[in-house]
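After this come two complexes, each holding subunit A, first together with subunit B and then together with subunit C.
Now for the complex of A and B:
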């Protein structure tokens, strides 16, 4: 007697927002490619029950100043272009297949190079002109300084539909106003807390900035360093969104590089960690493995550094988006 | 589906002696767990046959728990109760296996075994290691296969997966395979002979088929033969096809309580480079394998898979706390700074990581805040000046150095004066953001 197998599919009512980054000439920008993320109607890669119109993408991180604090293994591939953000970005796109460039204005940090808003805007223009892919632009993380810098940067990138970040629960007014004025998407950051994640989205909306233009950044932990907290927040918010919670229906961004390359697994030499593999392989592996874990949890945009990790992650995405998800 | 019994109904069928052999203190406690499908009736060795029959199927947990191997290295898999770790927790971390082919030369096998033995890592207080070896019969030669199985059993001292669907060759290798190896696998053709071997040797049996229907058909037939310990194979498809099958099997088992698929699963990766293979293995660890079989022995690949497993299988209900004691990070000496932090694991590992990055050796005093971070601990009165002073004294941190400076977290700056008054130490306010620790230790902090 053949046994009937119950239906394995779930009926979700919600859908993740589709967010487009970058503007081509028909939309008043200069990008030769634009990126759309989101649009999923089920959990990541559950092709048997949902639609995934847009694959997850990889943005490569570029700094406005030489990234001297990066470990050797991940500085080395960019040794010839550090200090020239345009050339650096070009290398990421042309040689390493970056879908987007994520410019981090680290040089503006008051406890570092303390560069001016004008210098930041110049770096942003240089990257914009050097590549055709859309841009993500991060501040230096110092709230006051970022609020000083972003007006110039947002204006310099006017009409290019970049993704700027971040807005937080305590600091969203400047960027939401700039995003509206100059036509940019924004990153909504929260400190590994699903309630605050939702709150930031609502605050932005109250400030007149639509949630449909936001990408959610629930903080990022490296593999081995609290990744499971973020993993579960991503799963929970994705499930809530698919069950119809519109304030959670945002594509998710993970900012891997910063955390991964602080982990000892990514930076300690084989002498310090005997038997753990050579750091030249271990570093990229740690970044890629962190990306793989987040892909399963629902990452839409992965901000990464090492070319090998980027290549491997893009390959994994291709395989996960591939044929055969019905069986 | 048979009707579900309540805890009381289960209790009525138990011996009511509260003997504790089920590892629960009382029959009632056990009955509640059985009713909630968190324990299997067989755990009570004294249950009568009538009770067995009465409870039967309805009370079995939706996914069977299966033991592979025996003794110290035995591995328990399955018994999962949820689809997402935040709903409760994942119970049994999947076994990670390395595959060894019998067509390798003796030297190559010896070398691979050496690699397997070296795949041991200590991370945040846990020993991470490979749990199984899968011996693949590629040679087509039963004698060779038996010989290699024996070599691997001796050389690795781990439970085995006998990847040999030919019952005759498999049978020859079973003598040397130790207790409870996983037999891989029963299919439409060989299932009767595989069932015999499985029953005779009390070895769990993997079940393989090209569709869910084929798997259901097989588990049904095997069950009729008396098999209980089965493992579902995720198939020979592409990465995403295996993932899809793992998801469907888990959902059907747990959400639909569909017994014919209520078993743990095994997934073999497609192999490839270490970076490629890690992608697959990590995805299967997250969703929803009981055993993941890998080809690569590159330490960084295996370490990343084992770490993903360690993280995803962390109990989310338990505050993630580490032992409150004095830690030394890097090279310490009498001039080293003394930093205070909480025993929330994430805070500690972030701080310790940044101290490591700074290349300035430091003592870290970890105060028992019951697993809360700085702000929450302060709000809950778990991080007070009094408690800090007591902790620093008990751990003897300032006895190890030639100064009396204590660095407190920037987020606890409000406690500075009080600690200073209570202790007479010089209290320095550290960074609010751990990322600033290297800068702070290199440029701002100075020994007295």
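Now for the complex of A and C:
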């Protein structure tokens, strides 16, 4: 007797916003490539059910100062370029195929090098001039300092349609104003809390900044460090968006390198953890496995560090998008 | 919750006057105001003052000039419904309504199928309005069966258990709520379930409070549409809050604003 397989397809009414980062010469910028993310009409990679007009992308992380706190394994590939953000960015693009560069202005941290807004702007320009891909620019994480630094940085990158971050529930007015004034997209951050994620998006809109220009960053946990909480938040917000919740219909960014390389599984040597294998292989694998998890949760932009992890992730994206090899 | 805005109805004096004078202003003003509140459909009803299909055509055209919101053509007369549908400019339409009376079903259901419109089915029959749960369910099931046979999907069918004024028919409240629960079991996915919300508040001293309270109680049983006063912000707030409690929306501190945003309110 023939069995009928029940129809499993869902007809979603919503759609994730498409957000373009970077501006080419025709749009008043200098980028030789621009990136558009989002546009999905179904859960991640359900090709039988929806459309995925834009594949997820990998941004590689570059610092304005040498990243001395990174573990040796992930410092090593960039040892010759650390301290020169332009050369570092170039290496990420030319040798490792980064879709975007994520410049983290760590040097501005008052408890670190405490660099000035002018120095930050200079670093941003150096990266901009060194590569043709679009830029993501992160502050140092100190709210007051970031609010001092971003006016100079946003102006230095004027018209380049960068992705700046982050705005939070308590601090969104400076960046929303700068984003509007200088033509940049913004990252809306929330602390592993779906209710606050939605709130930040609405607050930005209230401040006159269109939600269509935002990318959502729900915070990131590394594999083994709360990844399941973030996964479930991403999944739930994606389902809500597909059901028509416009305040959740934003592409999602995962800043994962920073979390992964704090995990002992990615850092500790085989001497410290006998039986865990060589950290030179284990570290990048930890980062790649974390990235893969976020891809299937719905990430659109992955911010990563290690070239081997980036390579594995780019291949995974190709497979998941059905662009070659087995899917 | 699907909001069907009730105000473009010649039962209201300003709309009746506008219809008589062929003065589009008040009709279009109410179309804009209700659309601005986030109405999903604008009910258009030429009331008891007219039986003329041409009046419905005029009113639908006036609304269409003002806003892009879908329209709910509202009449007990098939010819009037037809005139409204024929005036449509391609936007979605909802027909209000058929009953379970076979003579009525025979005429109205094909109209919905032909125009690709959705259809409100009111759970009354040739004997009048039901006074108990069973007849409410029986009549609704009859409408549902005829409509699906004609090719309408459950998403196109809105079943109305007939809400009655709490002041005069208090015993019908629980019957309506129970009928709603039973309607949700008719199919998977279930049909929409709709009421004329303002019926319940008729001639009471607490009109808005009674409508809001019934709305949230009925939503807990499965109500997902209402012909209602969308100008009542308190009602919209109550509906938004009920959607949160029912886990249909993700909470945020600004959820009342999020609800209006989702509805496309201006």
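Note that the second predicted complex is superposed on the first by the 322 of 327 C-alpha atoms of A that agree within 3 Å, B and C clash if a C-alpha of one lies under 4 Å from a C-alpha of the other, contacts with A are read in each partner's own complex, and residues count from 1 in each chain.
Going forward, a residue touches a chain if its C-beta (ideal position, glycine included) is under 8 Å from a C-beta of that chain, and two chains touch if they have at least 3 such contacts.
None of the values given here were measured: they were computed from a predicted structure.
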Could you tell me if A:320 is touching subunit B, subunit C, both of them or neither one (first, second, both, neither)? first
Comparing subunit B and subunit C in the superposed model, the one touching more of subunit A is B
Does subunit B (first) or subunit C (second) touch A:202, or do both, or does neither? second
Taking the superposition on A as described, I'd like to know which of subunit B and subunit C A:246 touches: first, second, both or neither. second
Scan A:79 for contacts with subunit B and subunit C and give back first, second, both or neither. neither
For A:236, select first, second, both or neither according to whether it touches subunit B, subunit C, the two together, or no partner. both
Which residues would you name on subunit A as touching subunit B in one complex and subunit C in the other? 236
Which residues of subunit A touch subunit C in their complex? 194-199, 202-203, 205-206, 236-237, 240, 244-248
Can you tell me which positions in subunit C touch subunit A when the two form their complex? 249-255, 257-258, 261-262
Touching residues (chain side subunit B, partner subunit A) in the complex: 84-86, 118, 120-121, 123-124, 211-213, 216-217, 220, 235, 237-241, 243-245, 247-248, 251-252, 256, 258, 260-261, 273-276, 278-279, 282-283, 286-287, 298-301, 303-305, 307-308, 310-312, 314, 316, 345-346, 349-350, 353-354, 356-357, 433, 435-436, 439
Within their complex, subunit A touches subunit B through residues 2-3, 5-6, 8, 10, 45-48, 111, 141, 221, 223-229, 231-232, 235-236, 239, 258, 262-265, 267, 275-278, 281-282, 284-286, 288-289, 292-293, 295-297, 308-309, 312-313, 315-316, 319-327
